[in-house]
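Next up: some structures, all given as structure tokens.
Shared between the two complexes below is chain A, which pairs with chain B and chain C, respectively.
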Partner chain A sequence: MSSAISATSETAVKRPKLINLLFPSVITGLVLGVAGAALCGWLVNMVTTSISPDQVPNDDAVTAAVYTAWVLFFFIGIGAFNGIFKWGFGRKEPSEAEEMQLAGKDQGVWRYFRYTTDHKVVGMQYLVTVFVLFFLGSMGAFMIRLEQSVPGAIFFNPETYNTIVGMHGMIMIASTIVMVSGPFGNFILPIMIGARDMAFPRLNALSYWLLFAAIPVFFSTLALGGFPTGWTGYAPLSVQELTPGMDAYCFLILIFATSTTIAAMNIVTTVMVMRTKGMTWGRLPIFVWGVVFSVILSLTAFPSFIVSQMMVLMDRIYNTSFFLAASGGSNWLYEHLFWFMGHPEVYVIALPSMAIAAELTAVFARKPIFGYRLMVSSMVGISVLSVLVWGHHLYTSGSENALGGPYMLDTELISIPTGLFFLAIVGTLWRGRIWVTVPMLFIGGMLVNFVIGGVTGIYMADLPTDEILHGGMFVTAHFHFTLVGAMVFGFMAGLYYWFPKMTGKRLNARLGILHFWLFQIGFLGTFLSLFYAGLQGEPRWSANVALPYANANLVASLFAILIAASVFTLAYNVIHSWLRGETADANEWGAKTLEWAVPTPVPLENFEGELPVITSLPYNYGEPLPDLPSTPAPEIDITAVVIETPMQPQGED
Partner chain B sequence: MSEANIEGNAGGASPARQEPRHMRRVLIIWIVSSVVVIVIWLLTVQFILPAAGSALDDADNITMSVFTIASIPVAMFVFVFLAYSLLVFKTKGRPTEDGIPLYPRPALQISWLGITSVLCLFLVIWGLFAFYQETSAATTSDTLVVNVTAQQWMFTFEYPQYGMSSTGAQMIELPINRPVIFHVTSEDVLHGFAVRALGVRVDANPGYTTSTPIVTPTQLGPDVVQCVELCGLYHSYMWEAINVVSADTFNAWILSQGGHS
Partner chain C sequence: MDTSLEHSHEHTHGLEPHVKAARARAGILMLILSDALSVLAIFAAGGYLSALNTENAFKIAGDFAPALTPGILIAVGMAVSGLLYFWWERTVRSSEGNGTTILFVLAWIVMLAAGVAETWLGASLKYGTPISAYESMLLLITWSTAIHLLLTAVIGLLVFGRILNNRVRIDGLTFVAEATGYWWYYTVIAGLLLWAFGVFFA
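The block that comes next holds the complex of A and B.
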């Protein structure tokens, strides 16, 4: 991947020395990472062989050493520690020019392959990574649908099938967690709040490259025998599993959760301290609120994710017994730790997408958000409630029967703030001047799917009905409705909306409409059939579809062909539009948030000249419109020109 | 919300033009469509939910149907308002003027909160009552006890009252109209024990024994015990056939398996 790009960038850059171009960069990172991993793997292999009584190496220890060394040496190679070393050895603070160099000034395309601190570079890196992961993950989904299209496991052997299911799940969970707060949270959010960069630019680069480093770790499971546990990685199955493919799963989570935690701290700090003058908390765009609540939730949730996998690794490598009942451990411990992460995590995914929907509805209905404070309080409510509901994943486990009632109450309570969200969106649409663009279509689809996903959620949240649905296909269909039908649709809306700002090119609208309808029809067909299969009692995770469920699964698989077509439509649209699409306007949609007030492509420090001053919410539609600035001028702040909105009384104060 | 868009709009649309009464229309559509969908649900529910094999499963099916009926108006509210807005309020191409700003009135917010809270509490209270009714039955001397041991990748059934144990991979029989309780445990990893038609489902935990509610099979015929927690390589094949039979057939089967009566 490097030679072509370095060749083009060499023309763009003022003839830097080849050595400066290659070092430090992802190439040196890969070289050093692989070398370090090989060396450490060899060393640990030697040591564990010599200390074990029967002269056998500890495979899990070797694998763990290889992964740890890979990450460490990759980051040495890519230059993540250069600044720290220089600082430690007493060099003075970096100069402005050095900071600009680090932010990728005048480095052309090559800056995307270096430890670049500019938030827009990080955002684009995330976007491309999310595309690649979504593509790979969806291929896994189509393999699962292929296997389940006919009774009897005939396409894959059980080991391969379980690995496909697990990889599909894990890839999709990881990429949906970063899909909004990665690309848009990094690229768009700082501009939205009127900042020149994130609060910690170096940590920003670190968070992306950690994600990058986790990808080869995870895919190495294919060479190490795969893993049979699915994305939940339940112990003691994960401890009992003999192949080192399981270690890849654990390390993916360790690295990924670290990356997300760093990104979360960075985003929270940025929003707290980097807002421009006049951007009070009450004037933050709703999208910013969504991302902030999401990353705060991930800060509370992900530590237990890391801890649980650390314990699994210790059980595997050192034969501790956190999860082995025979030695005093408990599988319930794992389930609680996992779902303490697992349920807030779906709201980590949900909140930014819901915020995208609210943000974009206001733009395309040309109306202020119906109840801005209502929307923010609804997100507060969801955030607080969602950390207390994990126990509903354990209704049938026998572990906390007395808590069934409270968990059920809390879970059902989440429907109240979620209902407020729907009220706000419907109210925003009501009597607007609705511009039905591709993003608006996706928001419509998202609302439909989210309602279905939400309503089916109450069956599993309720004790008596969970008795017949737990662990079944109904659960699978339900969380696909929320995570794919609602949240990925929200991401798609954001993608079509912000792509012109991020790349300077429009996505083709005709292909976008085709993409939407293929996706929506295929999605509804597939997962409504799976609801039916789940009601008949089909278990999850099963390659061997029993006869009573065969028809529903066949229908689901046929509809999945439409989803596959939509994936390829999107891939074609993105690649084609990016390379030779129409050039987008600076304010493509006539929106009033700050990212549309800066020129496209966005200059290195975002705002030329002074930072804008904010005097109102960016949703003051229905006010006399000022002339949109045709050229980027110092008074670019369109929101500042508008007369302050006379806010009508709102209910909650 | 009747305040018209005042000034500054290019073209200056007349604020006094005849507006159809959108709100009344959409509310009527909402009520009518909710009723229609509820009727459709009531007519088709027998084909959607499988026939119950026990009173417990029947109660679960009823709960599911009630929840569906309760949520249809909520879902239709969003669907109808969304569809109406997208169809009626859409502009041809890029809008040249803005929509009329609307802000929620306190009354609307409070009543929305109130209605959703009532619905939510209804779900919780109904659920608690239904669950209590299903699980409160006490063991009697008549109750058939079945000890289930899950292991990779099979279930073993033991009938302690008859001194008999199955050795896997064969049809297990249960007597009709007699309460049965399953005590479930696992020998290795986490498994799930589920019989859909009886409406019982509980995890098989290594090192612990969990019990299903007491359930009385009311339908003769075959059914299946499935593992519903991913348990490794052959999870897809981990199921056992069970058959609900008459008391006489059951006793004969027990004797044929080496048990005593």
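The block that comes next holds the complex of A and C.
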């Protein structure tokens, strides 16, 4: 393989450089996508006007045509169909040189703007996209807090406020779903299992560019009247809502869910068939397990969501009645289909973040993971139970009252494997010589926040208390503690940990510590205040704060300033470190998983020469590294350790 | 905790053939799993709305199902296409090559015809608006089946291209025919189940 890489005569780009750069690329994708969307929109407008008895176009059909054409022509323009066409009608299999060119060889920064198949390029594309989306979502959150800082309307009318809340929710949910499996699942995971790339490199590029194509669809809602339903898109409001912004919401879900499904099948297949010799299921790093369970859950959960949005679109365009009671439909159908995705989706987000925490705890406690098999079993338990608990979101809907008890039971059962997982993390920390780094700070914050989020979740799971708290600020505070306080903190730990490997630059540790404390203090202050507001009885979906809840909301908004400061600190740290930061070591943390055994920057095919052979779990830290607390660990040759150390009974501690 | 796939899978130019085969099988099975769950969601939605019968309006007087005869013909067509594909796949395996191409061509033509017929069926359903929940389900089932059949016809066209260029066999293995077959058979089974569900509804 390596000899093939070095055969530059084979891999040389033969076409003129300018044409090679521009076609196919994101530029041609955008041009063709916009042109195709405009043309199809015009055509469907003409057709629907001509067949309508009143000579009025079907706005929903026009919007649907525009978005369908946008996606189709964007992918033609970016060259996504070239590989499919060659697969079917090419005279021979792609040569090594063609594969290397598709992987971005010798294309510099421009490879990030093309349909590049290299998993590291896709990982970086996801990372930058997640950063941008998080930043925009955070700005939405600050606008919400600003509006809610004092009673009465300040800046926004209720419709604008609803749109901002909906967009904030949608951006954040989408971002958190891909925040780990996108950047780290693509960049790090294949190296961790000893693979040279993902199982389906072209599908990998497709999954990212689908996400990219969904972004303009999402922001077009601003020009189309927004989607006042919030991120859940509840029917029948979504069907009765006249603005085409709701069509944009449905298309966003369809595109995003397709992207996630493709990414999931790719990741699962990669781990199933691309592991290097000796990388048995029992020797997979815990992070890999977390990502695999997460994407299996998304494979299972997202189809019902896709079907629900197809039904909404049919209701809007063709006047069908899936969700209209007067014609035999039911809003409960939407709620079931939505929450069958919606609750497992929480664990789609949670599992990889929890796995990051477990992975990094072993590295920074310089100890083998405590209860490896227990952790894997916990994730199995969480995955199975998470698809059985969606009904607790319908406690107060009037649907399936008889099932309230069973749903309450299995919702509470899920806390057992979750608790065991976090107990195992604490077990790993126990008597370890803990190296307090920025990633470790975030893991500490995650543990604190998850306890609060988990304990308050019990009140949501119990039907009697949920009857009181449902629809209030208490719920908002609870899910922010789990999704942000726990899961985003886990992502941040992973970011500070893997950033040096992904970019070759070290994030500034002082700014990282500042980022952590601003975030943690701001987060606790904001959402503990909202717990109080919720206990006072403040409803979630109110544009204006009522007088009894004014103090709690003012405190929450003041603490949110600290979160805002933490976001800007992180943004500055990332940009500054990426451009001018210190060069990172190949093994920045003295860790033993395979991604730290390859050079930085990581070569195109990850491993120079033969693939490694694995004989044990990567957590055989015999003793703490010397002088760790103040300085980064020196680079050590861990390849030999990984390859030659006999297998130890890691899972039986 | 050991599997047969845990091996060094390097080849002179890329992956070893049996890893490519395993990859193709696993990828298609993941796709089928995901799609099967969406079909299951359609069944669940239909069953749920039927059981709820909100306002006693799920199915009202005047609601009608698509004509039975075209549906039977399409169902037979799907089954025949599946059998022809199966036969072709067997000849591919036994001959370690392209097999009897005419069998594949017939399977593809029948699949395409079934897809076109299902599309015609969906387009010719002139339901008055607002369309009741019962008729909404039938529309969804019809269009879902049509999309599945047409997608499979497109995949068949790509495979036909490979047959013409003698590329069904890769590195001595015929996993392209096998993995495509998984999807082909799944489409037939899902299409028949959706049709049976529609008939049951009627």
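By our rule, the second predicted complex is superposed on the first by the 605 of 653 C-alpha atoms of A that agree within 3 Å, B and C clash if a C-alpha of one lies under 4 Å from a C-alpha of the other, contacts with A are read in each partner's own complex, and residues count from 1 in each chain.
Assume contacts are C-beta pairs under 8 Å (C-beta built on N, C-alpha and C of every residue); 3 or more make two chains touch, one makes a residue touch a chain.
This one's a predicted model, so the numbers in the text were calculated from it and none came from an experiment.
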When the two structures are superposed on chain A, do chain B and chain C clash or fit side by side?
-> fit
To the nearest 10 degrees, chain B and chain C lie apart, as seen from the C-alpha centre of chain A, by 110
Would you sort A:Ala325 into first (chain B), second (chain C), both or neither based on which partner it touches?
-> both
Could you figure out whether chain B or chain C reaches more residues of chain A?
-> B
Give one of first, second, both or neither to describe whether A:Arg366 is in contact with chain B, with chain C, with both, or with none.
-> first
Which partner does A:Gly278 contact after superposing on A: first (chain B), second (chain C), both, neither?
-> second
May I ask you to decide whether A:Leu420 touches chain B, chain C, both, or neither, giving the answer as first, second, both or neither?
-> first
First, second, both or neither for A:Ala264, with chain B first and chain C second = second
Tell me which partner A:Ala564 touches in the superposition: chain B (first), chain C (second), both or neither.
-> neither
Counting only touches as set out at the top, which of chain B and chain C does A:Val384 meet: first, second, both, neither?
-> neither
Working from the superposed arrangement, determine the closest approach of chain B to chain C, counting only CA atoms, in whole Å.
-> 7
Dual-contact residues of chain A, meaning touching chain B and chain C, are 325-326, 330, 332
Within the complex, chain B is touched by chain A residues 153, 158-159, 161-162, 228-230, 232, 234, 236-237, 240-241, 325-326, 330-332, 365-368, 370-371, 374, 396-399, 404-405, 408-409, 412-413, 415-416, 419-420, 422-424, 426-427, 429-436, 440, 444, 447-448, 451-452, 455, 458-459, 461-465, 467-468, 470-472, 532, 535-537, 539-544, 546, 590, 621-625, 645, 647-652
Name, in rising order, each residue of chain C that touches chain A in their complex.
-> 1-3, 5-14, 19, 22-23, 26-27, 30-31, 33-35, 37-38, 40-42, 44-45, 48-49, 52-55, 57-60, 129-137, 139-140, 157-162, 165, 167, 170
The chain B residues in contact with chain A across the complex are 1, 5, 7-8, 22, 48-50, 57, 59-60, 63-64, 67-68, 71, 74-75, 77-79, 81-82, 85-86, 89-91, 93-95, 97-106, 108-110, 112-113, 116-117, 119-121, 123-124, 126-128, 130-131, 134, 188-190, 192, 194, 196-197, 199-203, 205-208, 210-211, 224, 226-237, 239
Complex interface listing, chain A residues touching chain C = 1, 4, 84, 87-93, 96, 99, 199-200, 203, 261, 264-266, 268-269, 272-282, 299-300, 302-304, 306-308, 310-311, 314-315, 318-322, 324-330, 332-333, 336-337, 340, 610-611, 613
